[in-house]
Amino acid sequence: MSALPGLRAGALTAGRRSRARSSQKPVGGVTASLLLWGYAAVALVPLLLMVASSFRSNADLISDPLGAPWPLSVASYKEAWTVGNFATYFANSLLVTCGAVALSTVVATMAAYALARGRSRIFRWLEALFLSGLMLPIHLAILPIFYLFDGMGLIDSRLGLVLMYGASGVPFSIFVLTTFFRQLPVELEEAAQLDGASTWQTFVRIMVPLVRPAVATVAVFRFVPIWNDFLFPLVLLRREEKYTLPVGLTTFFGENATNYSAVFAGLVITTVPLILLFLLATKQIVAGLTAGMTK
Amino acid sequence: MRRRSGLLFVAPALILFGVFVLYPMVTAFSYAFYHWQGTTRGGFAGFEHFTTLFTRAPFKTDMPRALLHNVLFFLGTMAFQNTIGLTVALMLHRRARTRRMLQTLYAMPYLVSPIVIGYLWTLLLSPTFGPVNQLLTKIGLESWALPWLGDPDTALWVVILVSVWQWIGFPVLLYGAALGGVPEELNEAARVDGASHRQAFFRITLPLLVPAIGTVSVLTFIFAMEAFALPYAFGGSTGNPAGATDFISLLFYRTAFDSGAANAIGTSSAMATLLFIIIFGGALAATAVLRRHERRITG
Amino acid sequence: MTRRTPWKYVALAALGSAVALSACAPSSGGDSGGGGDKGKTTLTVWSWRVEDEAAYNKIFDVYEKSHKDVTVDFKPFKSTEYNKILATGLSGSDGPDVPQVRSYGQVQATIASGALVPLDGKVDLTGWDENVLASAKGKEDGKLYSVPLAQQATVMYYNKGLFEKNGLKAPTTWDEFMAANKKLKDAGVVPIAVGAKDDWTLPIVHEIIGAATFGGTDFQKAVQSGDKSFTDPQWVASVKLLKDLEPYMPKSVAGVASTDAQTLFSAEKAAMYPGGSFDLAVLQKANPKMQIGVFEVPPAAGAPSGAQPTTAGWADGNFAVSKKSKHQEQALELVKWMSTKEFGQMVADEVKQISAVPGVENKDEILQQIADNYEKHGSPYLLLTDFRYGTPTGTDLLGKGIQEMLLGKKDAAAVSKDLDTGVKTWFKPGA
């Protein structure tokens, strides 16, 4: 039923024995330990350099690219935030991302419930249709989307982006949530309905609270690609006051490329929300990344 | 659940998905088969736009070059991801205390927008104000302080390596999860029978990891064929220097939105259709191969 | 389970999310034209000069005072995305009345799509520079489709302070130029700040350094008539100059971004910066204390006899009338005004560009000097004015070629040969 073979295959190999750790020693011993921590440095140092550079003055950066960030200067952040319009870009990104995540999560949760519980054959068919979307390279449809938006008056509109991202998040969200709904016992719903609750009431009061972990995974995991997306806002937005961070950053980079410390500050501003999200919701992100691998 | 109320639950998602994903996806193909004058659709064009892609300048030269870069990007990413990713996952395996921590650290760059990553490395690799070449010079490796992003011979590899650096956390996680699913008894039994660690890995563990490797490959393939933001940040929409970092998506973007050519919609849609066939075809083929393999190992 | 409840709740949910969404939705209604004043026409002007928004608003305020029935709405977009925005805007539903359009070869696609109104007989541009006028005409029909806004020129900027400190003056011969380069390099200064990573800057650098050597306007005429081509020894020599000067450019020049080059110059780590007149405002803003001067690079050995230093120029920022505009009359009136000295003077004063209108004075001394240079010994920036009418464009070809030359992959002869072959796929001399 899944679109990717590995997802199904993963379920078959993963999970069952992961906790039964034997007495065997880790591969590679101390050398491997060193290598692993060494690679952690490779992964992190460029990001740390980005943060460090953003706290230095531009003159400082030019005369010594490798210097230490003392004394700390937040001037570049002020510059980026106000003159560079990052306050606007940031608000736009937040608005678009939250709106789209909320939209796709709400509609996908409803649909997933029906797909998991519906017995008619049409639901199998619909599920397959949604899951086919997992493999559709939606970016290739940018031209028709552009003219569709032009016809609907959604060009240069943040609402348009919300609808677009909301729609493109539907397949993944349905995929994860349907699996989750299927694992829930039917008895709870039956009991609720015997007590006279309608389908909708059962869904909202009984089912939604039960799938909360999966909803969190879906919401958090969808947040990242929408926040980072570049092509859609690049093509569908026109005016600077509507730009989201990646496009705003491109403008800023083009116009202020000689002010390196402000550019670094812009890079950090664009990245910080995701790092915060990651620290708060590591579990959900990891679960999203391995969705389908672990059941 | 009744059919009717079920359909009502599905309706909002279906409408949203239908209008903003399915409908544009389907019409995208039809665009490629018509003549266009600006945004006005003319008569049926058949496969004319497709032949244009292979016979007319600049597509005649730019298409194959961009496609080659996409393929190199895929192969390069695969080579590094599977070797480094698998090695790291193996080394992390059975390190209960540090595994979680390290996996998290490795996954950090994945979160960062490709646009940010591209600009960050552009700044880091700048020959005049970048710390990388400065450091190389300081530690006596001055001959290594090259114009990494300015030389067409190195620029593409910089893009590939940076992309690997960004995404490596993903295969590490997936392979980690898959390794957790390999029954210890199998390995132990093999060792009792006199197999070396090496043999046990290649005969027992690796075959069981094939599905995970397959997943990573298919996802990497789609990702590599669609690459846009990262090369855009590195080389702009023209794939500087001298087209060395040009990719199909960039060419598509230039043709569709930047060329101002009267028939831009037709030509660029033909390009998108072609890319779609490549992505979908490639993914389906890989899927078929993997299914067969799966059936074999599950008996 | 009752049948009605789900309908009701689903409808409620849909309504709820619609309300929530529209609450999220920005107040996009505000700027969608059609102001409240009855009888007042709103003309929308599109431009790629985001940085000049305040200046243009000031200029159009003046226009509104003399045209009480018209409001001008100036909408600037990001320069790099402008072509896309304009193409879709002119054909789509909410385009401009008066768009800023590209010039020379790059406006031809817009003209060919029939989106612009011909202005012959409606706007009088007699007495304008011929090279400037060429920017506004259709190649096919020779008709006038826009009013040029500004003249741009290629300029060698230099840091007067750094030159003085090293006992140097603006060079008048090639030997003096080379001696200055050497002296600056020995003093630990980067002589010429070039950013060869961005290949589009390289044809400009070539024009600044090589125009006197390949022969400016005379060479243009010879190429157009077919007497000479880009394989001509003089042209090859002019391309080779850049390779010869490589030791005086930043280290690893092929990896240096154009913005890095600008930074080197404004941080006073480099003494010269070859750029466009459009760079001046940026340079002045980046380091207001620095004394900037300009000079024309003298001809090198092998130049035609009597070769003169020259300032190469072109026009850009032209304004046109959209065929889809619902206010043809008013739009035409505005564009007409853009050809007057009143408008030109404001462009010079507020936008700080060399106006395309003849006889406008510039307050900025450096800008006036550039304008004078062009007037006295100007030449067309050949690859831009004449070789962008087809793809591959001359500027693209030369930019990439020089990049490869600086990387040591091609020599000047091969670069020139490739340029010649490339443009001849669409360029027919003598036509």
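Order of writing sets the labels: A, B and C. Residues in every chain begin at 1.
Methods note: a residue touches a chain if its C-beta (ideal position, glycine included) is under 8 Å from a C-beta of that chain, and two chains touch if they have at least 3 such contacts.
Worth saying up front: this structure is predicted, and the values here are computed from it rather than measured.
> Farthest chain from chain C, going by mean C-alpha coordinates, please.
A
> Weigh A-B against A-C on C-beta contact pairs and write down the one with more.
Comparing A-B with A-C, the pair joined by more C-beta contacts is A-B.
> Quick one: chain B and chain C, Cα centre-to-centre, how many Å?
36
> What is the distance, in whole Å, between the centres of chain A and chain B, each centre taken as the mean of its C-alpha atoms?
From the centre of chain A to the centre of chain B is 17 Å.
> Using mean C-alpha positions as chain centres, tell me how far chain A is from chain C in Å, no decimals.
39
> In chain A, which residues are in touch with two or more of the other chains?
62, 103, 106-107, 110, 163, 199-200, 235, 250, 260
> By the touch rule stated above, which residues of chain B touch at least two different other chains?
Residues 2, 5, 8-9, 12, 39, 129, 257 of chain B touch two or more partner chains.
> Among the residues of chain C, which are close enough to touch at least two other chains?
1, 6, 10, 13, 17, 80-81, 84, 88, 92, 257, 260, 263
> Could you list, by residue number, the parts of chain B that touch chain A in their complex?
Residues of chain B touching chain A: 1-3, 5-10, 12-14, 16-17, 19-25, 27-28, 31, 39, 88, 90-96, 98, 102-109, 111-116, 119-121, 123-124, 129-131, 134-135, 138, 165, 168-170, 173-174, 177-178, 180-184, 188, 208, 211-212, 214-216, 218-219, 222, 225-226, 228-229, 232-233, 249, 252-253, 256-257, 265, 268-269, 272, 275-276, 279-280, 283, 287, 290-291, 294, 298.
> Could you please specify the touching residues of chain C with respect to chain A in the complex?
Listed in rising order, the residues are 1-2, 5-6, 9-10, 13, 17, 20-22, 24-26, 28, 50-51, 75, 77-81, 84-85, 88, 92-94, 257, 259-260, 262-263, 266-267, 269, 286.
> Which of the residues in chain A end up touching chain B in this complex?
4-10, 12-18, 20-22, 24-28, 32-33, 35-37, 39-40, 42-44, 46-47, 49-50, 53, 61-62, 65-66, 103-104, 106-108, 110-111, 113-115, 117-120, 122-123, 126, 129-130, 133, 135-145, 147-148, 163-164, 166-168, 170-171, 174, 199-200, 203, 224, 227-228, 230-231, 235, 245-246, 249-250, 253, 260, 263-264, 267, 270-271, 274-275, 277-278, 282, 285-286, 289-290, 293-294
> Help me check something: in the complex, which residues belonging to chain B touch chain C?
Spelled out, the residues of chain B in touch with chain C are 2, 4-5, 8-9, 11-12, 37-40, 57-58, 122, 125-129, 133, 145-152, 236-237, 240-243, 257-262, 264.
> Could you pull out which chain A residues touch chain C in their complex?
59, 62, 95, 98-99, 102-103, 106-107, 110, 146, 150-151, 153, 155-159, 162-163, 193, 198-201, 234-235, 238-240, 242, 250-251, 254-255, 257-258, 260
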